[in-house]
Structure formats: structure tokens, C-alpha cells
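Next come two complexes built around subunit A: one with subunit B, the other with subunit C.
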Partner chain A sequence: MAEPVLELRNVSRRYRVSGEKSLFGKTFDAVRDVSLKVMPGETFGIVGESGCGKTTLARMIMCLERPSSGEIWLHGRRIDNLSESARRALRPRFQMVFQDSGSSLNPRKRVEDILREPMLYHHVGDAKQVDGRVDALMDMVGLPLEMKKRYPHEFSGGQRQRVCIARALSLNPDVLVLDEPVSALDVSVQAQILNLLRDLQEKMGLTYVFIGHGLGAVHYMSHQIAVMYMGRVVETGPSDTLFNRPAHPYTKALLDAAPTADDTLRNRKRVELSGEIEEADGEASCPLLPRCPFSRENCRHDGLTLKEADGRMTACARILELDGKQACGSTF
Partner chain B sequence: MEPLLQIDNLEITFGRGKDASRAVDGVSFCVWPGEVLGVVGESGSGKSVTALSVMGLLSRQGRVTGGKILFQGKDLLTMTPETLDTLRGVEIGMIFQDIMYSLNPVLTIGKQMTEGMRRHLRMDAAAASARAVELLTRTGIRDAAQVMKKYPHQLSGGMRQRVMIAMALACRPKLLIADEPTTALDVTIQMQIMQLLRGLQRETGMAILLITHDLGIVAELADRAVVMYAGQCVEEAPVHELLTDPAHAYTRALMQAVPGLHDSREKRLYSIPGRVPELYGDIRGCRFAERCAYAADCAYKNDAAMRQIAGKHYSRCDLRGEATLLG
Partner chain C sequence: MRSSKYRAVWQRFCRHRMALVCLIILTALILLALLAPLIAPYAPQKPTGQFYQPPSAEHILGTDKIGRDMFSRVLYAMRVSLLVGFLATTVSTAVGVLLGLISGYFGGAADKIIMSFTDMVMSFPYILLVLVAAAIFQPGMWSIILILGFVDWPGVARLVRGNVLSLRETNFIKSDITAGMPRRYILFSEILPNTIAPVLVYATSVFAISIPDEAALSFLGMGVQPPTPSLGNLLNGAESLSILTGKPWMWVPAGAAIVLLVVCINFVGDALRDAFDPRNS
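Here is the complex of A and B:
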């Protein structure tokens, strides 16, 4: 089997909460003990609600943030403890595309200069080669060449996101971290960008880490998916397995909560979570315990370790036990 | 039966002279008592300005340049500000997408909750406060009495939207206008709010005008739906009919451009080429034509007027039964 391009080993990130007066301060664990492997040429999708730690995870992969513990490996090389200069040298290998294309492009620069900048910074060829590459990039992401002299504000949201993708590709990276790349776009434009990303992946053999909250889009993009809740991965595996036969109550609840125009799904039996995100008591307790309709005494000390169940890894296989078909939950 | 709200040939223009842009151009639809009408469209379709104009809340740049908005037969556009004021917040309630900025940050929830009731229903402080607690409890807030003493920033997004809903319902409106009520919320909270809205609607019998960009939300909540594109209504139908047998090319494209929950990587997603047109000057014929996969041999290109195609089903073109679009 191929080696993973990117591997996270027991990665955690703890923040100190400001404004606390006690001597040691209060801490918040944004990401807890996350391990995952991303295979070459594949898309690894990460889903979860706000505050689940998915963006912190992306920032750690990009070395914009150091893990409090754990290791991150890229191409068999540990990257989380690299010095500033070593990280900079490695930067062309992995790039990121953000949700807000408006604020991630310099408004005072023409698009051609925005695309040129990374190449000049990393000295990849002379001025002529760079200019040729700018044209090739514009073409690659489907932007007309005559638009390269324009400024970001003259572009629509979808076009700006194309510029961001072109910039991320300018140094020929092999890993692209996509943090909600279509969330800010109109529905009709989302499909254009998703298809563009898939075409580029196929053509260039790119590896993606795709973070999103639109479940349909994540499924459409990803080979593997990890579902996160309160900083932990609760279930991970092949995307079809996870989405068509979820094992964890949270995965099921997330899928069931997604509004759908599909008439056949509208009256499906759904798992509902009560209340809002809250911390469960006890270190070993399942994080979903306070909201889960299937909780039992056992969940107080078992619900953290991922175990193999029916082709995926999950912290809880309650939905499979209850049998998805005769289905748990109520109709809406 | 008389419609509760009737929007008739509404026209809203932003800017003047050469820069004038008709954001809403001849929109007509009705909301019947007790029904949930969903208005779907992307940004720039005119759905939100239409809703804002009902409440008389258009920004200074935008103005109604034609048409009527009748509420229980009375034209809201020609009403004096005083009469409008007695309708707003009493007969018509509104909740917004922006839960951050829709509550006053320096007043307690209790103060904001009771303000409308004291003013419009002339309730005394104690009665208003008792009713506020009752309403908050009804929207699923535990220890409502405690929440009354809090400020907006102390509440989560889901809680703030519950407070907004409770506030909008305070004077028992006949019509609730909900502009993207769940867009800012996480999916599991979104479902809770949708269930709450549906429960309250059944219980009180009020009508809801639901504005959203998400066909899924319309599918879950609405009885009937209007699809808007580039400042016009393009299709109107009972929700089930719209979803199972869409007639307009845009509705069909929109449905196929959204990846379904269980669509895997195998199938390529249809993507609508191009972008929403600018709305300057006079636009003739079908506004979706240049992005439409069926435009080549289309019988409706030059005469794309709204027409009845079945019982309660209206559309500007009729592609029912056509094969699905491929990516």
C-alpha cells in the first residue's frame, strides 16, 4: 500500500483562555488526540459544526499553529517542529485556500501580481517563465487571460475563489488544504468550483484536505471523511460507508439534520440531538453524552477510543447496533 | 378566501438615471392565511429586498417604483407611517438572518422582549414580563426567567434566534416574515429552529413568508414555494410538485447543482455556467437564457411570461418530464 502523504499522530492543541484570573489560568482543548492519514491523490474530508476544531486542525497542518502535543508528518518528514526557515523552504509543497476569497487577496494588487508573488518569493525561474506560468494558471482555473490586469474587487466571488486556487497552485504543491472553499458562494457557483477542484486533482494528482460544513459537498469531494465533535474525531472512514451507513450517533444526527430537497429523504427517521454543545462530565466520558438520545451508563467511561466497526473507525457503533434501517429516531 | 398578503407587480429600483438597477421587476405572489410560503433564490434574485419592502425597511438607496403590497386588502405602500407602525410588530412579525445585530447589545433580553408588548398591547410591566417568560419557554429556552436578565452577548447563536422568534411572536402576528432564519446556525441547531417554527406555526395558525437560498429548507418547512431569479419570479408551485416535477429550467438546474447527501463521487455534478446577470436597463425575454442548457431550441425564449401550467403550478417555461442535466 502507498505511503500516506500527510499523517497526523495524536495531535492536540490546547489554548489558554484569556481573562481568567486564577494562577494557572483556564485552558480549552480545541483539538484532542486526532490521528489521521491522507493518501496521495485523494481528498480527505473533515466535517463538523462550528467550534469542533476543524479549522484549528487545518492551521496546524499548514504549520500556522503548533500542536501542543502529537506529531504531523508530510512525505515521511516531521513538520510540526520545524524552524521558521525550514518551514518556509517546505512551504511550496503544501498550500491553503480559505473561505473568504475577498479578504485573502490583496486589494491593491493586480491579479497577475498576486499570482506572480509566490513564484518570485521562492525563486522559481526568471521573469519570463513566471509570466508564462501566470497565463497557464489563469487558463487552468478557467479565467480569461485579459482579466489578469484587473484588481480583486472587479471579480465576482466565484472568480476570486478561482484566483485563490490559482495562487495556491502556482508553486506546484502536492497537498492543498481547502478550508470551506465554497461556503461563501452562491449555490450555482459552488458546483462550478467543486468541479474545477476535482478536475485539477485528477489532472495533477493533487491531495486535498477538504474542510466543510455542507455535507453534500464534502461527500461529493472526498474519498475519506472524518467527523469531528468538540475537538475529537468521532468517526472516520470511506465517505460512502460513513454517509450511507453511519455508525456514530453524531454522524447520523448530522446527516439527519441536513435539510434536503430530496423528497424521498424528507420523511426519513431522524436522530435528534437535544440542546447545544456542552462539556460532558468526566475525562473519559463520551463528548456527546449530554445530547445523545441513546446514552447509557457505559458512555461515562467508554466513548473516546476509535474502534473498527464495519469498515470504518468509530468511537461508538450504536447506530449500527440499533440497525440503521428499522431506524432509530423520529420523523420530523 | 382573501389572501393575507398580496404582492402585485412590485418593482424596486436602486440608484438613479443611468445607474438605476431594477432589483425587483414585476414580482407578484400571495401569502394565504395559515400557509408557509417559501421564496427561494440566490443572492441578487431580489428575495430579501421584497421581504424588506413589505416591512417598509428598504435602505435609502432602494425605493418602490411600482406595484402594490396589500396586507388584508390594505396597501402598505400608501399607508401613513403611524398606521404602518401599528401593523409592524403587531400583525406582521419579522426575524432576520443576522442574529448578531438584530438585538440591542446594551439592553437585557427582558427589556427588549417586553418593549413591544407594553407599547402595542398596552400591557403593564408585570404582565408583559410574565408573557415574555412564557414565550421564551415556548421557544425551548430552559430557565427563561434567568435568560430575561441576560444581555445578547451572553447567549449562543441558537439561543439568540429563539429570543428573536419569541419577540416576533409577542403580539400574536398573523404573518411572520423569516429572512434566512437559520443560515447563521449550525445544522443540528438549524433543525431545532426549523422544528420550532413549524410547531409554532401549526399551533398559532399564523402564516410564514420564508426567505431562503436553500431549497432544502423550503422542502422541510414550506407548503408552497416561489423561485426567484434576477428580480423576477420564475416558478410558483406547491412544494411537493416543485421538487418532484420542476418546470422551469433554472429550478431544475438549481436542484441538480446541489450535491445530495448520498451522491458519491461517481456522478459528476451539474454546474450552471456563468453568473447572475446585472439588472441595468431594460431586459427582454428570458433572463436565464444565456446560462440555460435548454436554450437552443426553447419555445419560451422571447415570450417568457409567467403562465399557468397545471392547477396551482405557474412557470415561465415548461420542461416537466425532460431528461436530467449532466455535469
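Here is the complex of A and C:
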């Protein structure tokens, strides 16, 4: 079996909640004990609702933030504990595309300068070669060459996202972290960008970490998927398995909550969660316990470990009882 | 495309009629000051032998107590006052921008120290600080430039710091970090150009404040030293009641010049602020 390109081992991130003046302070765990392996050339999708820790996870992978505990390995090398100067040489190998393309580009620079400057700094080539590469990148992401003289505000959202992808690719990375790259775009533009990303992956053998809350987009893009809830991975496995036969009640609820245009599915039996996100008490308690329609007493003691079942890993104490018994009309 | 951006800024500026008038007056005053050696009919320091002359064809703004031509002196005084104001603004803006950048970008201990120092300087009664500093150092044009430069920087530093803090969270700075770009690039090529416009606007108000500050100090004898004329020490001649009531040509022109300069600079600054804000289009 091939070595993973990117591996997260028991990564957690704890924030101190400001404004609390007590001796120990209040803390908030944005990401808890997440372990993932991303294989070369694959897309690893991460889904979950807003605030589930997806973006914090992305920021830790990009070393914009340090994990409170756990390790991040890239190409068999631990990167989370390096100093920024030691990491600088590795930086070009993993790049990121952000959700909000509007603030992703310096408003005062022409697109060609935005693309050129990092390449010059990292000595991708001499000035002439870099200029040639700017043109090649514009072409690669499907932007007309003459647009390189323009400023970011003269582009549409989709075009700006193309520029961001070109910039991310300029340093020849092999891992690209895509943090909701299409969430801010029109649906028609979303499809164009997703197809562009897939083409590029095929051509260049890129490895993606694709973060999203749009289930369709994540399913379309990903080989493997992890579903996150309150900072934890509650279920992970091959994309099709998870979408066709979800096992964890949260995955089911997530899929069932997606609106559908298919009339015959409107009145299907759905898994619905009750209430709002709230913290479950108890060290080993399932995070979904207060909201889950299937919760039992043993969820309090065995809610965290990922158990293998049917080719996927699921953190549900009742997985073996529930598996297959729940009707799920999801069509993804 | 770039020029269209500047044209839009100019169009928004022109919407302020008052600012446009002020810009013309200001340009005229600055030209008068710059061209003083060509325009002034007499040397500003040279007595002509006629004391306390009211305005006449020979001396259009009269003469002072030792017979120097007031019109020539006002022209040269504007030169000095504008130079002091401009250099003091340059010094304080440079110091403020540098400290603001460091404070905002690096945060932590550097931020705490710089911001405490900023609060300290701001909490001193302004004119008192200037007076004490002027008393300690040798009074003169260069020391007043440095003194004014020193007391005016905290506002700039705070403005820049706030800007840097918000820019630091933008995705384009994050992309620079993930691309492994060096700090000097992020600070001077990415952050600084995006803070220029608000700093420029703020600098006009600092400029407008420095001119009466210089005048106040010189009026009190702590600023530009006679016989070099400045708008402040020309007013100094109006300390006596008989001059104040009986010889208005001694102080009205200098006072009017201060008022005109300050009002015009402020209006132009206000219009600039609106012009740089694209939301006003």
C-alpha cells in the first residue's frame, strides 16, 4: 500500500475563550483527536456543518495555526513542530485555496504580479521563465491571457477563484487544501470550478483536501470522506459508501437534511436531529447524544471510538444494531 | 485601468466645491511662500528706516517696530511655517507608520510595549509636553520640527496598527504565509500599500494641527527664533495692547494666513477622505 502524502495523528486544537477571567479560564475545543490519512492523487473530502472545525483543521494543515496536541506529517516528515524559517522551504509543496476569493487577492496588484512574485522569490526560474509560466498558468485555469494586466476587482467571483487556483499551483505543489472553494459562487460557476479542479488533478496528479458543506460538491470531488461533528470525525470511509449507505446517525441526518427536487423522495422517512448543537456531558460520551433519536445509555460510555464496519469507520456505539435497519432515502 | 481609478478619486474630490476652492487658495499660498524670494519687495530681515508705518504704496502691509517690511516678512514666515508643518508631519507619519506596522504585525510583547508608550504620549497634556521639550532643548526651527514630530505620531501609529490587524486576517496575507513569502515582503509590499490612503488623509489633519502648534510655540518664544520670521513670532509683536488695538497691520495678515492655511488644509483633507472611499461613488 502506498504511503500517505498527508497524515494527521490525533490532532486537537483548543482555544481559550476570551472574556473569562476565572483561574483556569474557559476553553473551547475546535478540533478533537482527529486522525486522517490522505493518499497521493486522491481527494479527501471533509464535510460538516458550520463551526464543526473544518476550517480550523485546514488552517492547521497549512501550518497557519499549531495543533494543541497531535502531529501533522507531510511526505513522511513532521511539519507542525517546525519553526517558520525551517518550514519555508517546504511551503511551496502544500498550498491552499480559500473560500472568499474577494479577499484572497491584494486589491492593489495586477494579477500578473500576484502570480509572479512568489515564483520569483522561490526561484522557480529567471524573470523570463517566470513570465512564461504566468502565461501558462493563466491558460491552465482557463483565463484569457490579456486579463493578467487587470486588477482583482475587475474580475468576477469565479474568475477570481481561477486566479487563486493559478496562484496556488504556481509553486508546483503536490497537496492542495481547498477550503470551501465554491461555496461563495453561483451554482453554474461552481460546476465549472469543480470540473477545472478535477481536470487539474488528473493532469498533474495533485492530492486534494476538499472542505465543504455542499454535500453534492464533496461527493462529486472526493474519493475518501470524513464527516465532522463538533470537532470530531464521526464517520470516515470511501465517498460512495458513505453517501449511499451512511451508518452514523449524524451522516444520515446530514444527507436527509439536504433539499431534493425529487417528489417521490419528499415524504421519505428521514433521520432528524432534535434541538441545537450542545455539549454532551461525560468524557466518553457521543457528541451527538443530546440530539440523536437513537441514543441509549451505552452512548454515554462508548461514543468516541471509530469502529470498522462495512468498509468504513464509524463512531457510534449502536452501529451494529442500527446498520441497515434505518431507511435512508438519500440519493447522493 | 489604473488611471480610471485615479480619475474616480478626482471626480469624488471635485464633488466637494468648498474643498476645490480651498485647494486653489492653498496652492496659491504655497506658491507665494515658495516664490517669496522673487515676490518679496524687501529683504525680510533688513530695516528700512521707517518704523510702525501703516500700509502704503511703498509697504503694502506696513512696517514693524524696527522698520522691516511686513509683506516680505509674512511671505517668508509662511515659508518657514509651512516647512515646519510639512517636516513635522513627515517625521510623525514616518515614526507612526513604522511603529504601527511593528505593533500590528508582530503583536505580543512588541505590541504591548509600543501601545503603552503610545497611550503614555497621548495622555500628556499636549501643549505642556511641547513646552517642556522646547524648554529642555535649544529652541529653534529644527528642534521644533522634532518636538512636533514626536508628539503627533501616536494617532498615526494607532491608525496603522488597526489597519494592519485587519489586513493580517485577510486571505491574501494568509496566502503569502502559506507560499512561504518573507516578512519584509508581506509588510512592505502587501500591507503598507494598502494603508497609504488612510495615512495620507490622517497626515493632512496632522499638517493642519502642526501649523497652529508651531505658531503657538513661536508666539510664546519657544519656537522659531527671531529674527527668522514665522507666523507665530509675527503674532508675538501683537502682545502689547497698543499694537493690538492701534496697529492691526502688525498682526492681521499673519493671523489671517494661519486661519486660511488651517481651514484650507482641513477641507482638502476631508474631501480626500471621501474621495479615497470607493463606497461614495
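Here, the second predicted complex is superposed on the first by the 314 of 332 C-alpha atoms of A that agree within 3 Å, B and C clash if a C-alpha of one lies under 4 Å from a C-alpha of the other, contacts with A are read in each partner's own complex, and residues count from 1 in each chain.
In this text, a residue touches a chain if its C-beta (ideal position, glycine included) is under 8 Å from a C-beta of that chain, and two chains touch if they have at least 3 such contacts.
None of these values were measured; they are calculated from a predicted model.
Clash or fit: how do subunit B and subunit C relate after the overlay on subunit A?
With subunit A as the common anchor, subunit B and subunit C both fit in the superposed model.
According to the stated criteria, A:49 is in contact with first (subunit B), second (subunit C), both, or neither; which is it?
A:49 contacts subunit B only, not subunit C.
Does subunit B (first) or subunit C (second) touch A:220, or do both, or does neither?
Once the two structures are laid over each other on A, A:220 reaches subunit B alone.
May I ask you to decide whether A:284 touches subunit B, subunit C, both, or neither, giving the answer as first, second, both or neither?
Once the two structures are laid over each other on A, A:284 reaches no partner at all.
To the nearest 10 degrees, give me the subunit B-subunit A-subunit C angle using C-alpha centres.
Result: 80 degrees at the vertex subunit A.
Contacts for A:154 in the overlay, against subunit B (first) and subunit C (second): which applies, first, second, both or neither?
It touches subunit C, and subunit B stays clear.
Once the structures are superposed on A, label A:88 by its partner contacts, choosing first (subunit B), second (subunit C), both or neither.
After superposing on A, A:88 lies in contact with subunit C but is clear of subunit B.
Should A:261 be classified as contacting the first partner (subunit B), the second (subunit C), both, or neither?
First partner only.
Rounded to the nearest angstrom, what is the minimum C-alpha distance from subunit B to subunit C in the superposition?
Superposition on chain A places subunit B and subunit C at a least C-alpha distance of 12 Å.
Please identify the positions on subunit A that touch both subunit B and subunit C, taking each partner from its own complex.
none
Name, in rising order, each residue of subunit A that touches subunit C in their complex.
62-64, 87-92, 94-96, 98, 100, 103-108, 117-118, 121-122, 149-151, 154, 164, 167-168, 171
What does subunit C use to touch subunit A in their complex?
Interface residues on the subunit C side: 1-2, 170-172, 174-182, 185, 189-190, 193-194.
Note which residues of subunit B are touching subunit A in the complex, please.
For subunit B paired with subunit A, touching residues are 42-43, 156, 158-159, 186-192, 194-195, 213-220, 240, 243-244, 253-255, 257-265, 268-273, 275-276, 291, 327.
Within their complex, state which residues of subunit A touch subunit B.
49-50, 156, 158, 186-192, 194-195, 198, 213-217, 219-223, 239-240, 243-244, 253-263, 265-266, 270, 272-273, 276, 332
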